[in-house]
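Each of the next two complexes has chain A plus one more chain, namely chain B in the first and chain C in the second.
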Partner chain A sequence: MTSGLLGRLPAGALGYALCALWIALLAASPLTGDNYLVRIAVMISMFSAMALSWNFIGGFTGYPSFSTAAFFGLGCYVGAIAQRNGLPLFAAWALATLFVAAFAALLGLIILRLKGHYFAIGSIAIVEVTRLLVSSWGSVTGGGDGLNVPLMQGSPGAVAAQVLYAMLGVLLVAFAATLAVQRGRLGFGLRCIHQNEDAADMVGVDTTRFKIAAYTLSALFCGTVGAIYASWVGYIDPTDSFSILLTIKVPVMALLGGPGTAIGPVLGAGVFVLLEEFFWANFLQWNRAILGGIIVFLIFFLPGGLLKIDYRRFYRRAAERRAAGKAAA
Partner chain B sequence: MDIPQIIANGIVLGALYACIAVGFSLVWGVLNVINMLHGSFIILGGYLAYFAWAHLGLYPILVLPVVALIVFALGYLLQYLFINKVVTAPVLTTLTLTFGLDMILYNLMTVYFTATPRRVTLDVGSLELAGVFMPVDRLIGMGLALLLTGLLYLVMRASTIGRAIVAVRMDRQAAALMGIRVNRIYAITFGIGALMAGAAGTVFAMVFPVTTNLTGSFLGKAFVVCVIGGLGSVPGALVGGLALGLIESFAGFLFGPQHAITVGFLLMLLLLLVRPTGLIGVKGYE
Partner chain C sequence: MSEILRLEKVSKAFGGVTAVNEVSFALEEGEIVGLIGPNGAGKTTLVNLITGVHPLSGGRVVFAGQDVSRQKPYEAARRGLARTFQIVQPFPEMTVVENVAAGALFGGGLRTRQAASEEARRELAFVGLDHVADTPAASLTLPNRKRLELAKSLAMRPKVLLLDEVNAGLNAAEIDGALELIRKIAKRGITIVIIEHLMKVVLSISQRILVLHHGELIAGGPPREVLEDERVIEAYLGAKFAARIKAEGMHA
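And then the complex of A and B:
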């Protein structure tokens, strides 16, 4: 009965339906009136958007990019500085997005000439350099003391809901962009580059332009959520904004869900944030080690991510066991 | 501050950097793995040396071989149990795995050793020669760092294991056909990388305070030195280390100490683009 119904739906429809339900659940969290739940929903939306972003360069193109924290951190700072200079909220967020996109496009022109290990090291170095520059440029960025960001207007609950809907908005745009890329020329080209860059170049894929596009897309949404995050928390500093942990966490989320897919990063980010929240609450001292353990587990037992697990096999096995039980009775 | 003093500081710092980076460079060159654990191995070595000194009264020079062996065993085990399983996977996988392992080691160290900065104080005074002022413990540190780096060079050149490692680095398949057990060489290489990190940490604890918060910064130095000097060779790491030491020393003097590290990283990015093989090109590890 169930399998018959599933068979009649178009491929992947169940996944998208579950995804829509999940996003609706996140959007409904302010109705509970529980600010803690809203906070988690904000974190999930924020990391989903970033994991979707990373997916363009890391999932589709297969470039091991670890510069997410640089984009996020720059988004934080550009948004904060713009707001401190009197720009309205949404204009500051838009400016941060544009700035980070331009930054990534220019940087991509240079750094995407590297491959493999050198690209990985280079992209981590970008995080370090941006962090060091921001923390030493004290007159503008406040240096190591950090920066206060003008608080958003309204009650704590209203502010949290506003932030949540902003983050969800970015998540939806990133998701739509992923679908568009996946089905369009760009996604095809990126997958070609993933499989064999030289061959892609030979058959006429403009690899440089495609890679820069993917790199820019991987930065864009990180810049936006960075600026929103800065407005939300009201205070940013270099170590927090350009954290090396963030730069690894985001790829891990995408890998956890399933890189190169649209639903994978959203699934991975949701699972990861919930797990992290659980471990923070219950094993404060061992939080970092447990997350490390999750990464090790992921690498060995879930190489294709959660989406690649054959769930039908579990279902079949359960059915067989039930049938065997009945036969024995 | 005058030029000879800046150069002297740079050379002392550079020798320490070379010692930090040489193990990282070896692992990258031979296993093709970016070892994110390297910074934690260094701090582990530093902490072990400190505790041997503080609680047992043993001098770092005496415990150095023991510390190095402990960290070697840890490195060998981690490679044998975990990293070896994915050693041929793309960099995304291996880098993420070593980072996950690093998170565990880091957490263990902060819980059991706490993040308090610790330093072995030897109180051996300082020297002044032709207007150049230098604390003696730094000179000892520099000497030890150079000695360790030189020892590794000898091991690579003259021992059977060293030649086998060089052979695996040059051509994995051919080495396997010659009867070298590649997986064992990988584990030994990773162990040696860890050993050099542990030894470097011991030396560092004599000169500067060590704390778990420094793991990332040590790792960053290893990146920069490797890229500047070129991958997978002892002379490369030495040249890269000395170059970085001098660059940081001069940049600190010219632009202020807060910009010294930035200049190092910017130079590394530049070199990555212009000459990714480093100042000394990639050849066999010898």
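And then the complex of A and C:
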């Protein structure tokens, strides 16, 4: 009887149940009427969706991609420009998604020839290159001055709720895609590539196509999220849209939760955003230092992420201690 | 018997070094052929050329009547050209059965992961690894890792199997077991090319032997003829060794 509920339920089912509860909580946040809470729920949903995206290439495939901000930024700009040219909201978001997916697929053809550190450096360079292109193409993008995006209709509360549901929608689709990939042929092939790319090639995995598929999946949801974000904030500029900080944060979230799993990125993003909010509110100057601290902690103590901790052991230990306490009494 | 694989003047240069130089030979369906030669002779490179790992510098590879000189490794695998690695290459964090299922799913063209798993268990039983099917591949002993490589290749339903030193690092008893398994594989009608440094092993299993030296094919034919070939003795066997092994071989 030591392991209780955790022992009897398959860990997977419990994880999914908790995850569903968590998403329901996020969705319920507008009911509180507290705009600050809704804003945090939006941030959590948005980063969860991006961490799930990164997971396709970084988690399943084991390619350390730092391109997230390029996809997010392009999504912001394509969505914004489409809306400024009269496209309806949803059409603009869809266009941004397609554009970013196509961009990633083409780019993947080139950059996925690189491996390990070289790939990491190449992928981060893409953020810089896209940022420079966008800021120097002033006639379309407004250059360094940025762009105003048509505001969404409705009261601030209603707009925040709409944005939240849009972000949650992306989160759910990304989650469903993750489960589908994980259980299917693609996910199996990506795991093979992760563990031994040469051997994967040798057993008949078309590694180039599989990697491009993973890279594209890692991009397209970020494109949607970027476009929604642009509509939400109403103004975008190159520095904010193509932020190096974002490109590092998202992988850290996935690593924190548990890369290569479906729940890990959601868990990691939630924990990270909440921690960040807490430190932001209480220790403003230390915010960056804390991000660095989490990264160092991850590398040294948690190579498998929060999900890989043996919670059952903690639980058993606690139960034993309680039992010992009773026996002593 | 009909021809399954043909090499026509296949060459490979790495920068200035010619690793394989105008090698031509053909394999018949169901044959067991030994490929021997000193270290650095180009044996592994030849396997890499046949399976699309390196692009050819010259010549042609024809598989089942089709020119496959420009294929990629995954295409070779799907066509039925399987190989094992000199240094075993498992997917370390997967179970043994998952390793083999990967071969069945991607190389063997099975549709579902379920079907691939079932096929994998059959091949594991065939190579004698069914008792460790659900353990992580990284935990296997060396002889079992070699068997895993074989099971993985077999799950790809190959027509030709290229074995790059599958016996290296095994002791005498383990080698006997491995040879028995290779004969069982040949009985399934799979053409086998076996690269091997132990002459006794090559002689005991091969119907035909090819000798590579400095990237060139210097001899090819039945084991007995090859043993008597002056150039082979000079380049690889050494006179004393050739005499001894021939004496042993004739009595066996």
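The rule is simple: the second predicted complex is superposed on the first by the 318 of 329 C-alpha atoms of A that agree within 3 Å, B and C clash if a C-alpha of one lies under 4 Å from a C-alpha of the other, contacts with A are read in each partner's own complex, and residues count from 1 in each chain.
What we mean here is this: a contact is a pair of C-beta atoms (placed from the backbone, for glycine too) under 8 Å apart; a residue touches a chain by one contact, two chains touch by 3 or more.
Note that the structure is predicted; figures quoted are calculated from it, not measured.
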Have a look at where A:118 lands relative to chain B and chain C in the superposition and call it first, second, both or neither.
first
Scan A:185 for contacts with chain B and chain C and give back first, second, both or neither.
second
Could you say whether A:195 touches chain B, chain C, both of them, or neither, answering first, second, both or neither?
second
Applying the document's definition of touch, where does A:19 land relative to chain B and chain C: first, second, both, or neither?
neither
Quick one: is A:271 in contact with chain B, with chain C, with both, or with neither? Answer first, second, both or neither.
neither
Have a look at where A:87 lands relative to chain B and chain C in the superposition and call it first, second, both or neither.
neither
Based on the superposed arrangement, let me know which partner A:291 touches: chain B (first), chain C (second), both, or neither?
first
More residues of chain A in touch with chain C or with chain B?
B
Considering the complex alone, what residue numbers of chain A touch chain C?
183-185, 188-189, 191-192, 195-196, 198-207
Which residues of chain B touch chain A once you look at their complex with the stated criterion?
28, 32, 34, 82, 85-86, 90-93, 95-97, 99-104, 106-108, 110-111, 216, 220, 223-224, 227, 258-259, 261-262, 265-266, 268-269, 272-273, 276
Please give the residue numbers of chain C that touch chain A in the complex, ascending.
51, 72-74, 77-78, 82-83, 85, 89-94, 101-103, 105-108, 113, 152, 156
Please name which positions on chain A make contact with chain B in the complex.
58, 62, 64, 66, 110-111, 113-114, 116-118, 120-122, 124-126, 128-129, 132-133, 135-136, 244, 248, 251-252, 255, 285-289, 291-296, 298-300, 303
